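The following pair of complexes shares a single chain, chain A, combined with chain B in the former and chain C in the latter.
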Partner chain A sequence: MALNTRSIGNVGVLDLHGRFDAHVAPAVIEWYGRLPAPQIVVNLVDVTFIDSSALAALAGGMKRCRQRDGDLRLCALQQPVRVIFELTRMHRAFEIFATEAEAVASFTR
Partner chain B sequence: MRIAIVTPYPPSQGSLNEYAFHFIRFLRQKPEISEIFILTDRLPDDAAYPPDTVAQPGLAPLHIVPCWRFGALDNALRIVRTARSLAPDIVLFNIQFASFGSSKPSAALGLLAPAMTRAVGIPTIVLLHNIMETVDLKSAGFGANPLVERLIRTFGAITTRALLSADLLAVTIPRYVEILEHKYGATNVLLAPHGAFDEAPPPSFEPPPGPLQIMTFGKFGTYKKIEPLVEAFRLLRETRRDLELVIAGTDSPNAHGYLEAVRLANVDLAGLRFTGYVAEEDVPRIFQDAGVVVFPYTSTTGSSGVLHQAGNYGRAVVLPRLGDLAELIAEEGYTGEFFAPENAQSLAEALARLLDDPARRRAMGTQNYLAACGLPMAEVVEWYILHAQNVLTVRNARRAARRREFVKR
Partner chain C sequence: MLPVLAQMTRQITEAVVAPSIHSMPGGIAIEPCSRTDAESCLHAHELQCERDLEQMAGQLVETQDLLLAMYDLTKATRSHLGVGEILRHLAREATRLVCVQGAVLCVGPTMVQYPEDLIDEYAVNMYIRIAEQRGEDLLLSAPHSALPEGITNLCLMPIQIRGGIRGALGLINREGGFTAPDLKLARAIAEQAGAHIEHAMLYQETLDQARLQTEMEVARRVQLQLLPHTRPRVSTLDIYAESRPALQVGGDFYDFVAKSDRSVMLILGDVSGKGVSAAMIMGMVRFAARSAARFLPDATPASILSRTNNDLYDDLTLLDSFTTAFVAQYEPDHGLMRYANAGHAPVIYRAPGGRAQMLEADGVPIGVLPISLSEDYTLAFAPGALLVITTDGFNEARDPDGTMFGYERLLEIVDEFADQPAQVIAYGLYGAIDGFTAGQTQEDDQTLIVIKGIA
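And then the complex of A and B:
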């Protein structure tokens, strides 16, 4: 799975593709550690599968950001991924946006 | 966050004691947790719980409060009273349907505790390890005839509704979420991974030298019946002498005297060994010494702690072909050799397939180890903290809204 990262202003954006699972989670956690600002948007538009290790990686990233007065926000969840968030009730823990633009803009409000 | 956890806790031998031990071991390491109260069952003869010997800076202080007794009818009242006096921010229940008693009244009345706790204003989360819809009541020691079974199912449904009045109810199998949402229209149910108990380095996948051990672990006599396993062991001993059968654990609280009766009926059988209660520090050795771990279940209740432990120690497993267990294996990435439930011949054949093939045992142990590594308990605990924080945030927001409304009037 490809791990593409970029910045929009102070916000670090992570684009993930395909399966987001235990094989990808360590690279994502490692990326958090290199970010200068604790404001992250994870774009899940091309993610087709997510497992518990990936959810744990996202939850860990969110906790880390919030401890530094930032946040990790999600956008563009596809139906199979949204189902997992709802099943685990993690959709109540994260701020989730329909588009990347909305997620990035939410940091400036 | 000050949290109270209602659960059996070692050295109590109540079901789920081991899960609680590991859950709390990781929970107390989290900076969000300032204090933990374990509302646990009284030990036989009111013996005292051992002092907390691992207390140190950075770990949340642990207070063990024995306030209920397995089988008593007033457990819910006692738990609520104790919770009120301690005033935690939230109460977590680590339970299954027979946590509070082996008789129907004591089991059912105890399960009212989450609803009653919430009714007095304390937020509650229930981690329910099985649901009534998937329990084989006959095998679990309840329901002697169909009428009684139907009656129990009706009361079970009522009890489930009561449990669902908690702020959140967590289960560890996706199908349980579906059942609770469809049958009860529940909107507060969530899936939480079971979690791996130990973050141990990769184990040795080879059993130690000496007789090859077939091991089973748990609390026996209700839905874990060892007679077919002992019979299968007899069949295997006819052709191979280099085997040992280890029965590790105790009677189920619902089946006092069960293991002793089996032992007395098989005193002639060489290589059969009963360990009795296995202390926490002896658990790794018990699993590491085993060549194969057997699950002699006649039904499943959804609790998969032993399977996770077998995985942690990289052991090959032999399981009955029961719907729930097969599903669990498939969903969590485990693999095993299967046998027809309660069929000694089928079990002996399944065991022989593994005993005769060390490479297959090793491959199976490796896959189970990788499956058990899936999500460490430390991460699972983080999920519960997140859910607890959300419950508290929603409650506080509602309270603030009510205050504003009151001021307006």
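And then the complex of A and C:
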């Protein structure tokens, strides 16, 4: 599974598409290990569905980053994905931004 | 082998000799010529026949060699079953049969050389690409072609596996260069190799699948064994619970802890992810939650979730997993249900005569944050009140077009069956998703608890 990743300054940005599920999650966890800095923005603008394996992968990244005084932040959640975050209350665990620019900028505050 | 060869020899002899006899009278009759002419004509014909016979005998020997080589190859390959082993064996046989210094065989990312590494992988891959582009076997020899050091000639045959070129046989350094029979033999070996490799791959896949199925079956059995075998008897509650594990088991569980013959504590959880690891984590979470429910002094649903989170946070972090969980405690003296919810959905509550509605969680799932954010809430639970807790195997069940069952349909079914006993409501829900998915494979565990207040 090839991931679409970029760097903006010290921040690693991950772009995901379509269904974010158990097929994608292992590659995301593997990607965390290759990041030089514990600052991640996951852009969910093109994600239409997210399952529990994917939520676990995001939570895993968030924990890894916070252990190293960084964070994993989310941006651009579509309505169906936002609903899943709200039902599982996972939105209480993450910092979520409307746009990628805001999410990236939040690291330099 | 021998009877076959004998028959071939007969056929060839007949083919060469027979026409010469029949054509002679015709030749003489149609074109009258002198005796000397006829003699020289006959002589020329004899010579031609001899040449034909020689050539055919040569072909026969060649065919015989080829057949014997193929026989050897098939006989020796039959007992080897792993793909790696097959490749090593085929490379050795190809080297011996075509009389080359060494051979290289590759399938996908696997490359095997015999008797030693004569050529580097990068070069082999490059030659395979060239052969693929040209759509034919590659025959290279120095000095016409630039070859890696130590290689004077090389023949590379792409191998067809499952309808596409997925491998190649390379033969390296044939003394005196590759002859036409060498190439014919090499092509035959490459084709045989393709068949053997295909067979080995199929065998390996069947074996892997059988292993996985056994593992899954064990996980399934363990999972079902860990679920309660009886439902608690509480005089003012009608309780039904069931879990249908998917083929690829998930990590759903539920449990009841009886506090007295009138009260009961219920726990339902869903471990993130699927497969054997989720089933194992499920065992761990169930144990922690059950212990907290039984032994924590003045346990409430929120304190059980908090304790379980404290106990499991580190382990779940290491495993990149979390668990959504719903805990409720029935308090008959106050006619209420006290509950706490760590990120679990869907939980459906229906007051007597009211409409089914979703009860939203407040806390994050167990294992996400070091502290639990779940608090205790209460629901009036008089006769007729209904609480339905399911796992996401219900709302995420998909129809053949990929549309998900969703929460709205769940609420509608609960309203439709609300007047029925708990078990009928459960059957109504299972029936609805089975109808919706129309026989598609069940992707996730489907677990539910239905609790109804009775007079």
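Heads up, the rule we're going with is that the second predicted complex is superposed on the first by the 107 of 109 C-alpha atoms of A that agree within 3 Å, B and C clash if a C-alpha of one lies under 4 Å from a C-alpha of the other, contacts with A are read in each partner's own complex, and residues count from 1 in each chain.
The rule we apply is simple: a residue touches a chain if its C-beta (ideal position, glycine included) is under 8 Å from a C-beta of that chain, and two chains touch if they have at least 3 such contacts.
Nothing here was measured: the structure is a model prediction, and the numbers come from that model.
S.K.: What is the contact status of A:Lys63 with respect to chain B (first) and chain C (second): first, second, both, or neither?
M.R.: Touch status of A:Lys63: both partners.
S.K.: Give one of first, second, both or neither to describe whether A:Ile29 is in contact with chain B, with chain C, with both, or with none.
M.R.: A:Ile29 contacts chain C only, not chain B.
S.K.: On the A-aligned overlay, A:Ser106 touches which partner chain: chain B = first, chain C = second, or both, or neither?
M.R.: After superposition on chain A, A:Ser106 lies in contact with neither partner.
S.K.: Scan A:Thr5 for contacts with chain B and chain C and give back first, second, both or neither.
M.R.: After superposition on chain A, A:Thr5 lies in contact with neither partner.
S.K.: Under the contact rule defined above, give the chain A residues that sit at the interface with chain B and also at the interface with chain C.
M.R.: In the superposed arrangement, which is not itself an observed complex, chain A uses residues 22, 51-53, 55-56, 59-60, 63, 87-90, 92-93 for both chain B and chain C.
S.K.: Enumerate the contact residues on chain A facing chain C in the complex.
M.R.: Residue list for chain A touching chain C: 22, 25, 29, 51-53, 55-57, 59-60, 63, 86-90, 92-93.
S.K.: Using the touch definition up top, name the residues of chain B that touch chain A in the complex.
M.R.: Its residues touching chain A are 168, 174, 177, 190-193, 374-375, 379, 382-383, 386-387, 390.
S.K.: In the complex formed with chain A, which residues of chain C make contact?
M.R.: Touch residues, chain C against chain A: 270, 272-274, 317, 320-322, 324, 342-346, 360-365, 367-369, 373, 392, 396.
S.K.: Which bits of chain A are touching chain B when the two form their complex?
M.R.: 22, 51-53, 55-56, 59-60, 63, 87-90, 92-93
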